[in-house]
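In order of appearance the chains are A, B, C and D, and numbering begins at 1 in each one.
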Amino acid sequence: MLTQTDAPMTGHPLADTVARFAWLLPVLPLLGFLFNGFLSLRAAAHPGPADPTAASHDHGEHGDHGDHGAHDAHGHDDAHHAARHPSAGLVSLIGPGVLLLSFGLALAVFVAMRAAHIEEAYVLTLFQWMPTGKLSIDVALQLDQLSMVMTLIITGIGSLIHIFSVGYMQDDPGYPRYFAYLNLFVFFMLLLVLGANYPLMFVGWEGVGLCSYLLIGFWFHEKANADAGKKAFIVNRIGDFGFLVAMFLMFANFGTLSFAGVEEAAGGLMVGSLIATAICLFLFLGAAGKSAQLPLYIWLPDAMAGPTPVSALIHAATMVTAGVYLVARSATLFAVAPTAQLTVALVGALTAVFAATIGLKQWDIKKVLAYSTVSQLGYMFVGVGVGAYTAGVFHLMTHAFFKALLFLGSGSVIYAMHKAYHETHNHEDAQDMRNMGGLRRHMPITFGLMWIATLAIAGIPVFSGFFSKDEILTAVFARTHGSTLAEASLFGIPGTALLYAIYALGLAAALMTAIYMTRMMLYTFHGPNRTGEAERPHLKEAPWVMTGPLVVLGVLSLVGGWMNLPLITGGAIGPVELLHHWLEPVVGTGANIVTLGETPHLSHATEYTLIGTAVFIAVAGIAFALWRLKPAALVAAKDAPAEQGIAKVLHDKWYVDEAYDAAVVQPTLGVSRTVLWKGIDAGLIDGLLVNGSALLTRAFGWMGSQAQTGRVGTYAWVIVLGAVAVLGAFSFL
Amino acid sequence: MVAESLALSAALFTIGVIGVLTRRNAIILFMCVELMLNAVNLSFVALSTLYGAAGQVFVLFVITVAAAEAAVGLAIVIAIFRHRQSVNLDDINLLKG
Amino acid sequence: MNNEFYPLFFSFHFYLFGLIALASALLFVTRKSPVAAALWLVNVMFCLAALYVMLDAQFIGAIQVLVYAGAIMVVFLFVVMLLNLGRPEDVSDIRGQFPRLAAGAVGLALLAEVMVLARAKFPAQIESAIPSGDLSRGEPGGIIGPVAELLLKDYVLAFELSSMLLLTAIVGAVVIGRKRS
Amino acid sequence: MTAFLESISYNGWILPALLGLPLLGAAVLLLRGRAATADAQMASDRRFALWVFLAEAGLSLGLWWSVNVEVPLWQADFELPWIPSWGVSFHLGLDGIALMLVLLTTLLMPLAVLGGWTSIREKTASYYALLLILTTGMLGVFMALDLVLFYVMWEVMLIPMYLIIGVWGGQRRLYASLKFFLYTMLGSLLMLVAIIWLGTAAGTEGVPNFGYDAVLNYTRLSDAHGSVWLFAAFAVAFAVKVPMFPFHTWLPDAHVEAPTAGSVILAAIMLKMGTFGFIRFALPFFPAAAMLPAVRTVMLSLAVIGIVYGALVALVQPDFKKLVAYSSVSHLGFVMLGIFALTTESLQGALVVTIAHGISTGALFLLIGMIYERRHTRLVDDFGGIAKVMPVFSVFLTIVALSSIGVPGTNGFVGEFLVLIGSFQTQPFYAVIAATSVIIAAAYLLWAVQRIIYNPLVKPENERLRGHDLNWREIGLLTPLVVAILWIGVYPKPLLQKTERAAAKLIQYVEDVRTSDRIGRIR
């Protein structure tokens, strides 16, 4: 069925290049998944006796007849004392190997694409998926500049994280299962970015949701992890509902679901068309679900229950950016719906600020990074929200670099803490910053690289974060006048005012980002060590297989900025706006519509002031943190005083989870249990109608039987009364 | 003459009915039924003077039936009496619903 | 408006026997002891026999006396004596106050309805109907001719069936009354 | 392949053969001698029954090639005069839709028998005989092209299931089986009245004619196609069977009390009788009545209520079988939505959901049966941490649960997506509400699966399951179902092509009658 149907694109310049084998990109990780999955199952599976009912008879005298196999992992993150999985060696070859192959192929296709300077996308149709009536969906891959950038990020950072996982998860008995899920995730993610139509993208979309469910709940013997996985899937599903409805609207109004078709139909719509706004709002609901934006962000912090490399890959670099990719992919559609764009930008900005506030007061190192991711995603949505798709994608890329570095760095910190606690059989929380402190003496490499990432995310010049974040802020500022957004309005507030508010929110978020990142660095690496005397000698740098990828990511965080130097630098440092030209063919039309055709230009003076303010904000944040926070005053977690006042509110994440639970979950369960099930089903239909009618017939039967008293006297009476009645009737006739 | 006999017949019939409804003793009940039959016989005879002797033939049949019924009825009462030592009708209610 | 040919003798006797029948019926119903009741019933039957004779049904009158009063009532008395139920001292089996009142009311209602119906059905003939009064009927076969003729011609089937009925009744009575061994 | 089938004139005798073989098997099974011990008796009975079902399945596979869906005529047509004086003929035939359901039945029955392999221990001969008679009944319903034959088969199908639930069921089996029987019987009596009315009306000079085509022509020419009462008579009978919202309370009881095989057949095949009835009888006979705005709103709202209500109530079920039963109510609500939205995509989507639900829910019930045999409890909270002791079971349960939720790449998604995108074009309001059930479905199934296989392994009874993972029979039983799930999910094209012609024909027919009606009214 994978026959190469004669792609209409035969004439396409990429047709005869290595791009022909693009379908191998997703298929390689799929093969990895199948192989690792088989390895995992083969080891764990012992088919039971022919007669299963025997289980309940023999009460456990041979319950655990010494099955040598890998009974799955137990203990949260401290699984290292279990026996190493027998086929771990083979798996650690296949898992990352498949990813590296995929990355190599992606690089080859990238080179071919650069050489070919293609104008329109290369669509590789594999086979017809759902041919019914007017609707005909094919399984087809679309190779263009945007999907190329995403593929490179996914396969590149994916390989690094796979290599890191080899070290991090080496002692986990569920080792092959872990790599199987990770490979499956990469398969679905590639399907998402390479899909040529919305339904195929949706397959990848829910596929990654499924994999994040499996990976978050990887150590499923802990109820908390399993709950977190379930929560992630269901909240994603709410987002998917939005995506589905958007697809229905598209099909009902445009008659097609392929990107090209929708792009062309969207081009024909006039700016501000109702259909486009509706579709975009539903698409944004889907994106919010997947990329953890304000209403539906609650699953991302809980997703930290999964292994750290998973958090790095899924909840920092790739999956969560799917929403941004979706908006960038439907650039033209969003461009003709300014109100929708304003909503996207506004929600993005609000999320950025809101998440940043919570990030200030978290003690778990991964929770801090999680909220920082939510906040940075908010930034990306601001970027694509205001029509600066290149800026959004650029920040997506740089964020992928330094956030992956931060997560993997925290991974190696946690790994080291685990090793130490494991030696002394201490069951302290290895992820709590209050138990860390002064680790720079023990883990210099991680310490240095983490500082690079922190400076990058804070937006200090030279580092990649500065360029991408600054570009978004300047883009917002540039669009305050002379853009479709400015004219449009949201809830009556004119676009311009909104854009200024968004700019302000952006600055506030940047300030808080600098503060909590510096806070994290101070508490983890600086000041006295709080892990404890016995553990201190065991605290040492993670093995090279883990720190290697860190170094690569460190370099990328440093160099990343050069990919899209702002126009202002005028080629002084290097080629200007590389990424902007690269993505021009894909998002160019959409961006032009927003800026009413001409490229937004700010006078040099304003641009310099904007850059100045951004740098000032970053430096101020770091300085404030360094000045106010005293790591020495910190105390180990077990005897740390409880939080009070605003700190407690922030630590308890504004009680949003409790609010959702009380407002949505409990009422639904309550209503469906008491009203729907007991009330209508058991009560009304079953009780009243079904059993009720049965009761009625029995009652009539009982009444009838009362007349048969058995006493002859009664019968005599009945006869006489009957006679009287009959004669009476006759007498009236 | 016929009108008076019809009236008498009706009266006797009514007394028979009242007897059936008020008495508890099985045998007296039978007798009341016999009385009702006699009443009917009377009206038969009374009307046979007008409509020919068919009425009287019919009375004959009524009498034979009454005889048969009395015989069987009393046999049953005796059987019940032997079993229950009482012919009070209210006690005999085995055939209850 | 009696017809002057109708001798006073007939109407007097008719009313006499009628009243006696009525009185004895009432007494029959109200007696506590079954024996007394049975005797009063026999008395009613005799009066009725007399009325039959006055209504030109002499054969029926004879049969009434012979079979009904003579045979059936004797059987009743016999059974009553056999089961020595005659003792009046056991509690009266007449039902309580309310059932009797109800029975009386229902009886009266029944009586009224029958009277109304009888009046409606044969208004004309009843008034004028006067039995011929001469006992020796001129037809052949005397007073029993017409009855016998009808009985053995038109109703011969019913005649045979009633004999079968009597036979089964006898066998039935014996079987039921037999003392179980 | 088709050449070979023509050579043995496969189309001529296949349908009566498919009906006759199970009856023959049942007869032989009942008349065979008793074996020495009860166990030997059980073993020989079930082996014989399995062979009959496998033969039946093998025989029916030829239909996939022999039935030519492009031609609008009835395929594999077989006709015998049955009661000429009443105009009733033993007339069998298939179209694209019936073909799919017949194949679903014949291929699923051997798996259902294998599912209940060790759970049925006493009176096995009569049990398997009843299963065989039930198969004839079900196949008969799908193949009947004569209204009386259809009604007879409808009742023939009822009695064996009543006995299966009544004799081999759980504690409250008598209540459940009686309720099931009376519910369906009441519904079908209304239908009988309508059938008789139609038959006599469609007859010629006194002799009634119950042939499907004759009645179809009659309703088209007369104004019967607009009579709401006749439509209601058929609709109620099928609504009870689907089951649609107010008539569904028999389903949870019947499922909870039925033995594993009974449950699988009930869910996978018998529920499809209702939807098949709508597609084959109710809509073609009374298109104008079905398309009346009032009638259509009632049907659509009942379908959508069924979807959301079924999903919500499934959320709070303590008993896993009841949970799956309510999820069936929800899934079949999708089918009804697909049918009454009347676009090609939605109708084909409805057919895919029918097949997909048959496979997924059948597999779910098989899995519940397997865990019930080991733990003798169906309450979800009695389990916990099964994945550590029974990894293979957990993998199968996860895959099947995901297909039931409708994750893309599995059969559930293809069906639901087509129904929703199809019905969105004509009924956007209903489609969006139905789409919300996508979220609730994920909630109730994932929550149940989590409480069973994930969560800490604390209860000793679950610990004792360590050595009792699925045996080779059970794995062999579930693998074809999982393969079917993934195959339909990834490559549903052949399935869609087989049913496309029949679906398009129905929609075309309903549209023609509606437009001609409208023109008639205008003139």
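Remarks
Simple rule for what comes next: contacts are C-beta pairs under 8 Å (C-beta built on N, C-alpha and C of every residue); 3 or more make two chains touch, one makes a residue touch a chain.
Quantities reported herein were computed from a predicted structural model and do not represent experimental measurements.
Shared contact partners of subunit A and subunit B, listed by label: C. Distance from per-chain Cα centroids to the pooled protein Cα centroid is smallest for D. When every chain is reduced to the mean of its CA atoms, the largest separation from subunit B belongs to A. Between A-C and A-D, more C-beta contact pairs join the chains of A-D.
One simple way to say how far apart two chains are is to compare their mean CA positions; for subunit A and subunit C this gives 107 Å.
Annotation: 77 Å between the Cα-based centres of subunit C and subunit D. Taking each chain's centre as the mean of its C-alpha atoms, subunit A lies 38 Å from subunit D.
Computed from the mean C-alpha positions, the centre of subunit B lies at a distance of 69 Å from the centre of subunit D. Counting partner chains per residue, subunit D has no residue touching two or more of them. Shown for subunit A are the residues in touch with two or more other chains, namely 713, 720.
Within subunit B, the positions touching two or more other chains are listed as 17, 21, 24.
Two chains count as a pair here when they touch; such pairs are A-B, A-C, A-D, B-C. Residues 95, 106, 109-110, 113-114, 116-117, 120 of subunit C are the ones that touch subunit A when the two sit in their complex.
Contacts from subunit A toward subunit B in the complex involve residues 704-713, 716-717, 720. Considering their complex, residues 118-119, 179, 183, 246, 248-250, 309, 312-313, 315-317, 343-345, 348-349, 370, 373-376, 385, 387-388, 390-392, 395, 402, 407-409, 413-414, 417-418, 420-422, 424-425, 428, 431-432, 435-436, 438-439, 442-443, 446-447, 450, 453-457, 460-461, 463-475, 490-493, 496-497, 500, 504 of subunit D touch subunit A. Those residues of subunit C that touch subunit B in the shared complex are 10-11, 14-15, 18, 21-22, 25-26, 28-29, 34, 37-38, 41, 44-45, 48, 51-52, 54-57, 59-60, 63-64, 67-68, 71-73, 75-76, 79-80, 82-83, 85, 93-95, 99-100, 102-104, 106-108, 110-111, 114-115, 118, 122, 125-127, 129-131, 146-147, 149-151, 154-155, 158, 162, 165-166, 168-170, 172-177, 179. Across the complex, subunit C is touched by residues 1-8, 10-19, 21-25, 27-28, 30-32, 34-35, 38, 41-42, 45-50, 52-57, 59-61, 63-72, 74-79, 81-82, 87-88 of subunit B.
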